[in-house]
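These notes are about the structure you will find just below.
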Amino acid sequence: MGEVILTMKDIDKSFPGVHALDHVSFEVQKGEVHALMGENGAGKSTLMKVLTGIYTKDSGSIIFEGKEVEFHNAREAQDAGVVIVHQELNMLGHLTVAQNIFIGREFKKGIKIDDKKMNEEAKKLFDKLNIDIDPTETMSNLTVGKQQMCEIAKAISHDAKVIVFDEPSAALTEAEIQELFKIINDLRKQNLGIVYISHRMDEIKVITDRVTVMRDGTYVGTLITKDCTKDDIINMMVGRVIYEDPKSKSMVAPDAPVVLKVEHLNAGKMVQDVSFELRKGEILGFSGLMGAGRTETARAIFGADPKQSGKIYVNGKEVTINSPEDAVKCGIGYLSEDRKRYGIVVQKTVAENSTMAFLENFVKGLFIDKKAEKDIAQKYVDSLATKTPSVDQLVVNLSGGNQQKVVIAKWLVRDCDILIFDEPTRGIDVGAKNEIYKLMNKLAEEGKSIIMISSEMTEILRMSDRIVVMCEGKKTGEIGIEEAKQETIMNMATREIK
Amino acid sequence: MNKKNNVLSKFNNQKFIVLLVVIALFIFFSIMSPNFRKYTTVLSILDYSYYIILMAIGVTFPLITGGVDLSIGTGLICYSLAGGYLIVHCGWPTWAGMLVSVLFGVLIGLLNGCLVSLMNLPPFLATLCTCMITRGLGSLCSKGFGIPWPTAGTEGSWFRNIFKITVGETKYPIGFIWMILLVIVMGFVLNHTKIGRYTIAIGSNKEAAMLSGINVKFYHTMAYVISGFFAGLAAIAYSAVFATVQPGSGAGFELEAIGGAIIGGVSASGGVGSISGSLIGVFVICLLKTGLPYIGLQANWQQIITGLVLIGAVLVDILKKKKAVK
Amino acid sequence: MEKIKQNPLVKKVGFNRVVLCCVLILMYVLFCIASPNFVGLPRILSALNYAYFLGFLSLGVTFVIATGGIDFSIGPVMFCSALVSGYCLTSYGMPVGVSLIISIAVGLLFGIFNGYLVAYWSVPPFIVSMASMNIAKGVASVFTKTQSVSWPQGASDQGWFRKLVKIGNIPVGLFIFIAVAIICAMILNKTKAGRYILSLGSNKEAVRLSGVDVKKWEMLAYVICGILVGIAAIFFVGAYTTVQPGYGDQYNNEAIAGCVMGGTSMAGGLASIAGTVIGVFIIALLQEGILALGFTKDYQLIITGIIVIVAVYADVVARRRKN
Amino acid sequence: MKKKVLALLTSVALVATMLTACGSESAGSKGSGDLNFEIIVKSYQSSYWQAAVTGVNQKAGELGVKVNCTGPNAESDIADQVNMLNNAINNKPDGIGLAACDQDACLDSLQTAMDAGIPVVCFDSGIPNAPAGSVLSTVATDNYAAGATAADNLYAALKDTIASATAPVRVGEVNQEATSESITSRGLGFIDKFTELAKADGKSVAVIGNEYFVNNCKEAGSEADADIIIEVAVPAQTTVELCATAAATILNKDDTIGMFGSNQVAAEGILSANENLGVLGTTPGETILAAGFDAGSVIKSAIKGGTMYGAVTQSPLAMGQTTVETLYKIANGEKVSDIPTQGYWYNADNMEDASIAPNLYD
């Protein structure tokens, strides 16, 4: 560890009605990986946006390489050597890899863009990073993981002195994460300052040197990573103690009836001959790496995507599901991994979203019975402890965890017995996560059956009664929670990969 | 192996299919009607295609950004009226009138660009408004009267030779050469210069383009300025081919240009498109417009068929994509 | 200012709607001051004539825009409806009542055509509009053998349909229009259909994954639009007697303008019938006022364009502030 | 923020106010005793109407009356014109001069005008079904006869070619539209007269093309055994490029010997089409002879230059003058009756004649 390369001092930033950053200070040294942690809304992203000039600070100072600086936009920050790898992928799908990497600073020959040189440079860059990507490939043809690698390559190519990684691992497979860590370690050796934002406790322990924790827009404290425990960090983040224990045994009665049976399901490349059973009151974990075909399986069962073959039985009876409409009639509900896109209608209220799946039950004569609608919505707001000023609030104004609860309420209103939770806690902070877990357990106790797709091993081990593992579109294993170990599951999840 | 792939991908290319359609249409009309086979018919088709081609080249840029420019049709008439009025009624030299037409186009393009990129109005709406505004302005420019640009043979009519030159008895459609040149130049601009690259970037993912440090507002505006500039050029082409320019007309021209661009493979959702594709697409529309009367169909049938062809072209694309997904 | 905004009634209608309403009243007052003979019933009746058919078009397109789509075949389809039904009336001797039903049926057919292509075949609405606009013009022209059609005069036996527009000086059409607008508002805000139309305009995939047959509801929006366009045709001929084949697109822009001026978002998901009604009245009043002041229609187009830009920009800014 | 919204919207209202202010000025205040007439033309698109408006203004200047000329953008904007007429009535002028785009659309308004005691004079086109007593005078050309005039002259020039033809020959007619009374009358007048003349010479005639004209001419004949085929084209829309396309289709046919464009736009369309084809001229047999309608700089120079054989012109200038004069007479209590105006045939030879030249507007 060496000298300080970047210091942010007393940064203050307010938006109308919100004090987003309250005199936050933060520093990065050369050759250090500095984790920035905090629940969603703690102000991490805002702080980084202030750093890279996307937001202007109200007060405070940024000292970079000994000089006070103020960037007015992302471009200025880049040019100075402060680069951010964004959480959401910033790719331009219609352009090639090389064109993406050099966007905004193309090599030129006269007025012509020198694509040839860009391809060569990109190739060099990839060689240096030991990544195998063809620079002339169109971006949208790459897997999510490869796209992420391109993003990182792009950041590095800026001759960066400080790189901010904003949740880089969210879309990566286990293998790709290892790849990423190798790159980060290299960068550390080159004496760059690295800021690493993540929710994943395991990663923080592995890769970072120091951890700074923020809460509600304030600075809480900085710890040396190797001197602290996970619980220390979590306590600082939430200000309360949370335990994360794996489930030790299945909570399902051995004679519980099978409510959903899927046989030889085929849908495109990503779902090949998948069969499994789901019992009443069971939480069935679906584990696997990114792109293993779990979401595709769920969507095929739910009728969201077309399937080629396979049989589905609900409560022992064979059913035809060609559309979500059919699935819902069979009592299946689906909570998508991408709430904003597939879960909620942002411009509608909590009440309106709650009844979205079962509106016919709230129609009196020709019209919607708004009172009944609000009553039922209120009922679930209470029972799920959704934080909202009223059921007339637009869901766009709720936080991620509360939006998720509204989606759950939607399926509970419909009285679905089979619920598919696809990455139910993605992008939700630790406190809210716990609430969702409690809720899922409660639902299972009440006799609902749950399929939970998750990429987080701790989540799988903590919640599931039984675990199905998938890899490259095929089911590669099934295991009861009693025997489940991280290593066994990982083994199954990589079985097909040569 | 690689080469074979290239050929194969060409066959899948919308542009290529449309080119085949153009050729097929031409052959079909030629067989069906002996009168269609004449050189003069080709001349006419080209004459009536210039202004649509020019508009289509221009409008390809806003379309690729994921927007649209509905103001080019009424704009064309407006610019032509403004330029023509100065030439005919104010005694300006022809070149000055032409310059005014083009500058007027650039100005309205700039307005569109500002409305869309700076004020964040939906492009459809912003250009719908400028469509109404230019329609009104056009009539005001000429005080409501039709304007005849200098007719062939009179003083100041040299601009008509830009598009068609008479050597001896034969007329040569040199305008077509300009069109090809412009297509090549604008194809270069789209694929190999910053303006084009960023136009595609904006259509692909505007947010990402912004975070890459691109001056998105500027380049987004530029797409509309290009569209306006070409509408200005189209105004000259229109005035050069037709005797009089009538105020109040022009609505609908933009749809022919946009339709041509879309048939030629520009994606309605942005990010994808090529200038040469737009050119070929326009010819589908022009051929239908010119060819159908020759095979004895009354004018009203043309509209029905054009409508159906448009849907057909897009459906083919949609079905192809559906198949690709499977 | 804040007080006004917190007023429950204002909140319900939306602040921008209230502003728009003030603009409408202000405009009327200004026109009356500027042109003394603007005061009085005849001007209002004349403006209403223009407002009726435009209003029905605008109401129709409001549903389509609410789904995030667009339909600019409405003008030509309206003419097609009026021409086909009028030709049946004048050349095939059908009774007026039947003709009126045919008019609505033609609109309905085009609505089904547009809706089916957009919802079930996922053709972009822009393209569908472009195509059906051409087809509507062509069909009308073929059906009437390129002839314009004049509907019967008020005094004749068959002229009773004009009583839908006005009886003497009583603007019956206004009552019908307002009634239809109220029905539309109820459909949009109080029924399942309206809920789904608005929701799918906001996030189609989320609604589909809620187990809703989104295709059906999306198509319904176009069908409702088609029916309203058919009704618009009746009021057009009721006020202006004659329709010509090959036209009608001049009314698209104004109908869409009236709709978005009133706060319906082009992105879908947000629509206000009250806003549409006010928007249409503003356009109609403007066109009457501009004429009364001795200006040409050109000024009307320019001013309408500017008002729409300002109104939509105000909405854009307001929404950005909120988020 | 909301203040900003309000400010923006009020600023729009202010724009309206400003227009209002200048508007009321330009409309002028009506002094006592001043006569005030509203003139509504069909459109401003062609120079025909420019000439008519010039005539109106000239006469108004002479007589010291105020006139206000308006007209829709295009002749197809029927609804706009009705609005303008209603507006004119609401302005309570001393008289209205109307060139109606459509014969039926104005009937209700004419009734209103009569009830309000406002006299109406129709010009250019009449309104046959007008409520009795509402239209006091019609100043219009007999379009049917004017079309026949064109047929007379064109036939005379083509007579020898037709007589010596071994195969069927073709005569084309381009009409900008098939809906307005003046254009259809001219078109039918041409067809009927041409047929009549040809039959007198023992030739059979068939009319093909646009259904309206085929169904409404006196005798459509059959194409199979006709010596002369009259082909009628009507473009899908009234724009000039579609007129040109329609004209090119006919000009391109080998057996075409003559063309008729029934108004200024149609005639200009024929000339536009000829730009490429180069088949028009004044030599019967070798070139196609084209007859036009109305004047304007484009047609005039084509006739002068020998591209177009000749054309029929009306006298819009005189028509405009007469209209105002008639309104003036009515206002002064004089009795008036219908005033027919004439269509004159002109070609390169008689363009300079004193009787023709004043009617050849630019």
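Just so it is clear, A, B, C and D label the chains in written order, and each chain counts residues from 1 on its own.
Going forward, contacts are C-beta pairs under 8 Å (C-beta built on N, C-alpha and C of every residue); 3 or more make two chains touch, one makes a residue touch a chain.
Treat the numbers as computed from the prediction; the structure is a model and nothing was measured.
Novice: Which chains does chain B share as contact partners with chain C?
Specialist: A, D
Novice: Among the chains here, which has the CA centroid at the largest distance from chain A's centroid?
Specialist: Chain D.
Novice: When I count C-beta pairs in contact, which pair ends up with more: A-B or B-D?
Specialist: Between the chain pairs A-B and B-D, B-D carries more contacts.
Novice: What's the distance between the Cα centroids of chain A and chain D, rounded to whole Å?
Specialist: Distance between chain centres: 71 Å.
Novice: Can you compute the centre-to-centre distance for chain A and chain B, using the mean CA position of each chain? Integer Å is fine.
Specialist: 44
Novice: Please work out the Cα centroid separation of chain C and chain D, and write it as a whole number of Å.
Specialist: Centres of chain C and chain D (C-alpha means) sit 33 Å apart.
Novice: Send over the residues of chain C in touch with two or more other chains.
Specialist: Each of 137-138, 141, 146, 245-246, 250, 296-299, 306, 313, 321 in chain C touches at least two other chains.
Novice: Which positions in chain D are in touch with at least two other chains?
Specialist: As it turns out, chain D has residues touching two or more other chains at 73, 77, 210-211, 234, 236-237.
Novice: At which residue positions does chain A touch at least two other chains?
Specialist: In chain A, nothing touches at least two other chains.
Novice: For this entry, which pairs of chains touch?
Specialist: A-B, A-C, B-C, B-D, C-D
Novice: State the interface residues of chain C toward chain A in the complex, per the touch definition above.
Specialist: 186, 190-192, 195-196, 198-199, 202-203, 205-213, 269-270, 321, 323
Novice: In their shared complex, at which residues does chain A touch chain B?
Specialist: 54, 73-75, 78, 86, 89-95, 99, 103-106, 108, 111-113, 115, 268, 306
Novice: Would you tell me which residues of chain C are touching chain B in their complex?
Specialist: These residues of chain C touch chain B: 70, 117, 121-124, 126-128, 130-135, 137-139, 141-142, 146, 245-246, 249-250, 253-254, 256-257, 260, 266-267, 296-302, 304-306, 308-309, 312-313, 316, 320.
Novice: Inside the complex, what are the residues of chain D that reach chain B?
Specialist: 43-47, 49-50, 71, 73-74, 77, 209-211, 233-237, 239-242, 244-246, 248-249, 252-254, 265, 268, 271-273, 275-278, 296-298, 301, 305
Novice: Name, in rising order, each residue of chain B that touches chain A in their complex.
Specialist: Residues in contact with chain A: 188, 192-194, 197, 200-201, 203-205, 207-214, 271-272, 326.
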